[in-house]
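Chain nomenclature is as follows: A, B, C, D and E, assigned in order of appearance, with residue numbering initiated at 1 for each chain independently.
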Amino acid sequence: MKMEGKFTMKAPIQKVWDFLLAPGTLASCIPGAEKMEAIDDKTWEGTVKQKVGPITVKLGFTQTLTEVDPPKHVKAVGRGAAAGGAGTFSQETIVDLTEIAGGEVEVAYSSNVSMVGRLATFGERIMRAKINKIGGQFTQNLQEKLKSELGQ
Amino acid sequence: MKKELKFKVNGQPYDIFVEPKKLLVEVLRDLVGLTGTKRGCNSSSCGACTVMLNGMAVKSCSVLALQANGAEVVTVEGLATGNKLSPLQKAFLDHGAYQCGFCTPGMLMSSTALLAENPKPTKQQMKEGIDGNICRCTGYNSIIRAVTAVVKGEYKEAK
Amino acid sequence: MSEYSVIGKRVHNVDGTEKVTGSAKYTFDVVMPNMLYGKILRSPYPHANILKIDTRRAKRLVGVKAVVTGKDTLGRKQGIWRRFPELCDEEILCRAKVRYIGDAVAAVAAIDEDTAEEALDLIDVEYEPLPAVFDPMDAIKEGAPQIHEGVELNININRHIEWGDVDEAFEKCDHIREDKFKCSSQAHVCMETHDAVASFGHNGKLEAWTSSQSSYYIQRLYADMLDMNESDIRVHNRHTGGGFGSKFELDSAQFCAAILSQKLCRPVKIVLTREEEFTATKRRTPMYYFLKLGAKKDGTMLAKEVRVITEGGAYTAMGATALYLTGFFSSFPYKYPNYRYDGYRVYTNTATTSAMRGFGAPQSTFVGESQLDMMADDLGIDPVELRRKNGMTPNYEVPGQAFIQSCGLHQCLDKIEEHIKKQGKLPPNHGIGVSAYGFMSGGIFNWFNTPYAFSAALVRINIDGKVDVYTGACDMGQGSNTTLSMICAEELGVRLEDVRIFSGDTGICPPDLGAWGSRQTLMSGNAVKRAAAECKQQLIEFAAAKMGANIVYDLDIKDRWVHLVDRPERGVSYFDIVKETIRGKDGVAIMGRGHYTPHRKGMISPAYSFGVQAAEVEVDPETGRYKLVNVTTAHESGTVINPLGIEGQLEGAIMMAGGYGFCEDQPMDEGKILNPSIADYKLIRSLDMPETDILEIDTYEPEGPFGAKEAGEGLTNPTAGAIGNAVYKAVGVRIYDLPITPEKVLKALKEKEKQTKKAKK
Amino acid sequence: MSYHCPVCNKVSNKSALDLARHMIGRGDKVHRDWITSKGFKYSELLALQFKSFGGEGFKALAEVLEKETKVKD
Amino acid sequence: MIKDFEHFAPKTLKEALALLAKYGDDCKVICGGQSLLILMRQGLVAPKYMVDIKGISELNYIKDEKDGLKIGATTTHRAIEKSPVIKKKYPVLVEMETRLASIQTRNWGTIGGNICHGDPAGDPVPVLIALNATLTVAGAKGKRSMPVENFSLDYFEVDLKDGELLTEIQIPVPPPRTSTVYTKFNIIESDLATVSVAASVTLGSGDGVCQNVRIALGAAAPMAIRAKKAEKVLKGKKITEALLSEAGEVAATETEPISDIAASEEYRRELVKVLVPRMTKEALARAKKA
């Protein structure tokens, strides 16, 4: 499942970058994130709890920054598994920052989530709609965080 | 923890202990030993596991066995009396209303329940009556013809 | 025809009573003392290397008796095209690499299904995901991931059929059409999922019960994979809950049950779940179809050129046959003087595509019959007339390919034309579409590399006159046990109830290739008929001596009466003759052997059946939703042995083939089938089923037993095309890819509206 | 007049285009290598075959074959 | 594979609520189980405790009272379908039920279970919205009621707090000259809705003026929704073809459908555009006859 989009904000690119890379920023934008622990400056671990109707999914996951090209490009790769063996997922997020005219920064992101296992096989109808929604929330959270942090 | 399940299957009382997670289809097949009831999808979609529970057709893969406590269950094995087939069973034979036969127990239970409820169904009602049952072989029309023949009274003397 | 006393009568299937009382035992119902239950762990990745499999945690679970992986196998690869070892490419339990979501990697045997399933979650497999490719058009590109070592561009097989001079012929055509189509996948959805009980004794011999279309193939493939003698393997096949092409290759349930049982010397039962059935068994082959058709003004078709690229999925399976047959049947049922076919089967990281009822012909018939209607429109010729002008006739030779003896296509066309006329003017938004087909009665080419006859049978008459038939043919529900019993009864001159049939048990039945390619009525039927004739000969020889007839040919048996052909009232009881023959032969049983292998019948099949179908639909032009109102079929299948059986085949085919045109599909996302349940996989149910009418045409096939030929698969060919043509007749839009969903119809209608508006401006 | 396949010596007495179809149709390594050695990309030729009728790629290969494989009977 | 759980079969609402209060998050309520058991078998839901309310007879009733119809939550679909009083006074419920899944499912499945499952493609909710129904839920702290359209919150999520149970559905007596209709679009007759539409029209005393209208859509958003803007287009007006098709267009803008294996987002919108006018027209025609 792929999600992508972009938004712009008025802020110096370095500032946006620093915030984006601050430990836990990306992870804490994930809706339902419960615990977030930095393992090192490029890796953190956490758990996410999501409830979709009667299904409660608890995911443990690890996210690692695999490409860091300041202050323009970052790629994060995550892997996780649902408690109880219901499935595993992997996720790849790319965020690109571009300075555009007027001191604005364009934040372009794309995220690819793939799930395997029982959740993916059986939960399709329920999960698909939900994952899209979670994706939407994630970017909304990110935007809001950035904007509130950078004073917009 | 196992719980007591008292119920009747084809008139025979059973008093057994089952795990709460057991489905009616599992108890009928594995514990009662009646394998006529089939399991085709395990998700209440195909109807092969249809049995009559207190006179109603239900999908036994979607009923907890414990929910049948105190109930009367009829399976395909309960349709014939001794060596005498029920009218519907005879009609199924005459009209070729089965091929591989795997859906047939469920089909028979659905149509038996239908006629028990409504002895003079219209063709549309017959179709509705077996709409919860998938048959991959016959294309349904021969089943409808068989039910029609029974409704028309062609198998009266067989009763 | 009244000359028969058994054939052509409406009889109960020989196993009918068992089936309507629930006493029929399927593999699904087999329970044995000391039996364990198995479950299979499958790859969640479409393409990945297996780095490590750790089964320790699973083995520690209480109730688990064994966990096996590819390392516990001989590492052999299986395939059903055994004549070509490079096409045997499936390990079943993968050792190093998985090639689709659903490939088996490990199997567990435990005291019950729940425990086995729980253990699956405890097997730790470390995968290294590889880039995967899902569409054959992408898979043939340079640089696409290579799915099998050494198979460049993922081209698994290519096939070529040609006759006449196609290029030259196109130059002479007044009108040429080029069209592209896409045919979707389809799942068999047998009501009984794949299952097996395998039981190894301590003597090293294997006994297996399995839901199968060919016990002989399963026995032989077991022998290949386990390095055993055929004779040390006994495969039983009692009742099978549907096959439709999905059950004659060795599957994961059969193989894993055997591997586990071999390890434990206990019976192991594996029943695939419905989800596994959808994702990890074979399916109908999706195809990209490119067609070029050229005709004269008067409708004479001069040339046809066909290109096909098929989505092969992970392994070869029966895909080679589907690729060939779709090419051959693209010329059916017409006399193209010039024809060329190029087909490619391409490996992809999806579930393997293989045989399914119709075997490539439903695809070719859909595209061919759609294009033919378009051609008729272009030329201003009535579609039935166009078909009549070019349709095959008896004793036609498909140049260099096949010889067609009986053929009732023209009578079918007449009947359908009459039927359409009778409907008169249709209400608005209704349309009737026509589609014609032909199909084979069993295949000729020995790709399985069997040294045996294609079909063989044994008939034995017991002292009480009752007859036992032993055949390797498999009844998967189509009623072959009944048909073969009828053939035996007719030939021998006894009643149907005198015959008892033993089928599909490799321990006692002679080999038969089984139920696929619509071969059993003709091939197994011929074998049974010959075996019965051999018995009859023995009885008649004895009776001739006793009755003082001049020669044995003066005698015949009918309805248990051995009599003089010319004076039927003069005769003796069959039962008496049986007793005396056995006594007279010093107690040696009366036995007959029969076998059949087609010879000198071209490359495809010994006989072909034909038919024409008319489907009526009613379209809601605002939503695109349409209703299947009626499907009327005129067909011929030679002498009808079992009329009730043929009706069932026909109506059932409409459910399946109508589904192919109407709603059945297997959408995927990155190799994952998105609808692996009956709730999400749309099947025609009783409320959706159209009215079905049958117009029977009499023909006689000299090669078939009592003049019979196939009636099982051909009927799945025409429906999708008829629906497509009907939708076109109703609302004027053509859908080029299956299934013809309301959404596609509405989109096409909107597009058409746009075009009309544009044209008006 | 006939055309001999430069790889397996299959004889076509029809046309160079027919031989081009044979070579692409065989599609095994030896045939592919010959095609590649003439500056074609096998997979592109194949893709062309499925993209359009009378694929131009085929004809291009046939032109080469016309020159190189014609044999006077 | 269903994981082991402890099974309780309370006989009264009170007992059931006490059990729910005791086991909270670890427990699930089962009644007909037609949806829940599938999820459990697939290993997606694994409660430790199961409160089986199928046997609570005090929740199994159909009452035709002065102020309207009361249906207990554990009433089966089939009981509703076959109820003579419902057939006479609320025929749309019967029409809806006959298209809901199969007879077997309707025999065992319950209206309450269906509503609580929160499936946006469920059949009863759009009809109940059109009928202006309210729901009552009970918890340890007592009862509360809400319009049915407020009950669904999101995909498969409803406004039931821990320890609460749906107990009753109330349908007010429709005003005179009112008719409610329902249709669902799908490819296989008994399948879940691709899109469904329920419409209720009340005619004014004047000639053909639509005094009130309620339009509800199923499978067109994360939950069944009311197409309020489309209603506004029609309310208080004399209905014309142009107005109807405008209402369809407007209703389509109120949807938030997803693309899935059954249909694309765009197609679902198209269907709303067609079905809203069609059903409204049908309701209008029936109201005229009423």
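Going forward, a residue touches a chain if its C-beta (ideal position, glycine included) is under 8 Å from a C-beta of that chain, and two chains touch if they have at least 3 such contacts.
None of these values were measured; they are calculated from a predicted model.
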item: Smallest count of steps, each to a touching chain, taking chain D to chain E; value: 2
item: Any chain that touches chain E and chain A; value: C
item: Centre-most chain [mean C-alpha coordinates]; value: C
item: Pair sharing more residue contacts (C-beta pairs) when B-E is set against C-E; value: B-E
item: Longest centre-to-centre distance from chain E, chain (CA-based); value: D
item: Rounded Å distance, chain A centre to chain D centre (Cα mean); value: 52
item: Centre-to-centre distance between chain E and chain C (centres being mean Cα positions), rounded to whole Å; value: 44
item: Whole-Å separation of chain centres (CA-atom averages), chain A against chain C; value: 49
item: Whole-Å gap separating chain C and chain D, where each centre is the average of the chain's CA atoms; value: 36
item: Interface hub residues of chain E, defined as touching at least two other chains; value: 2, 38, 189-190, 261
item: Multi-chain contact residues (two or more partners), chain A; value: 84-85, 121-122, 124-125
item: Where chain C touches two or more other chains, by residue; value: 674-675, 677, 679-680, 683, 685, 687
item: Chain pairs in mutual contact under the definition given at the outset; value: A-C, A-E, B-C, B-E, C-D, C-E
item: Contact set on chain C toward chain E in their complex; value: 113-114, 117-118, 622-623, 625, 662-663, 667, 674-675, 679-680, 682-685, 687-688, 741-743, 746-747
item: Contact set on chain D toward chain C in their complex; value: 14-15, 17-18, 21, 25-27, 29, 32, 41-44, 46-47, 49-50, 53
item: Chain B-facing residues of chain E, complex; value: 2-7, 9, 30, 33-34, 37-38, 41, 50, 52, 54, 78, 98, 101-105, 107-108, 189-190
item: Chain D-touching residues of chain C, taken from the complex the two chains share; value: 137, 140-142, 152-153, 155, 158, 160, 165, 167, 178, 288, 290, 292, 305, 307, 309, 342, 344
item: Touching residues on chain E, where the partner in the complex is chain C; value: 1-2, 38, 185, 187-192, 261, 263-264, 267, 270-271, 274-275, 278
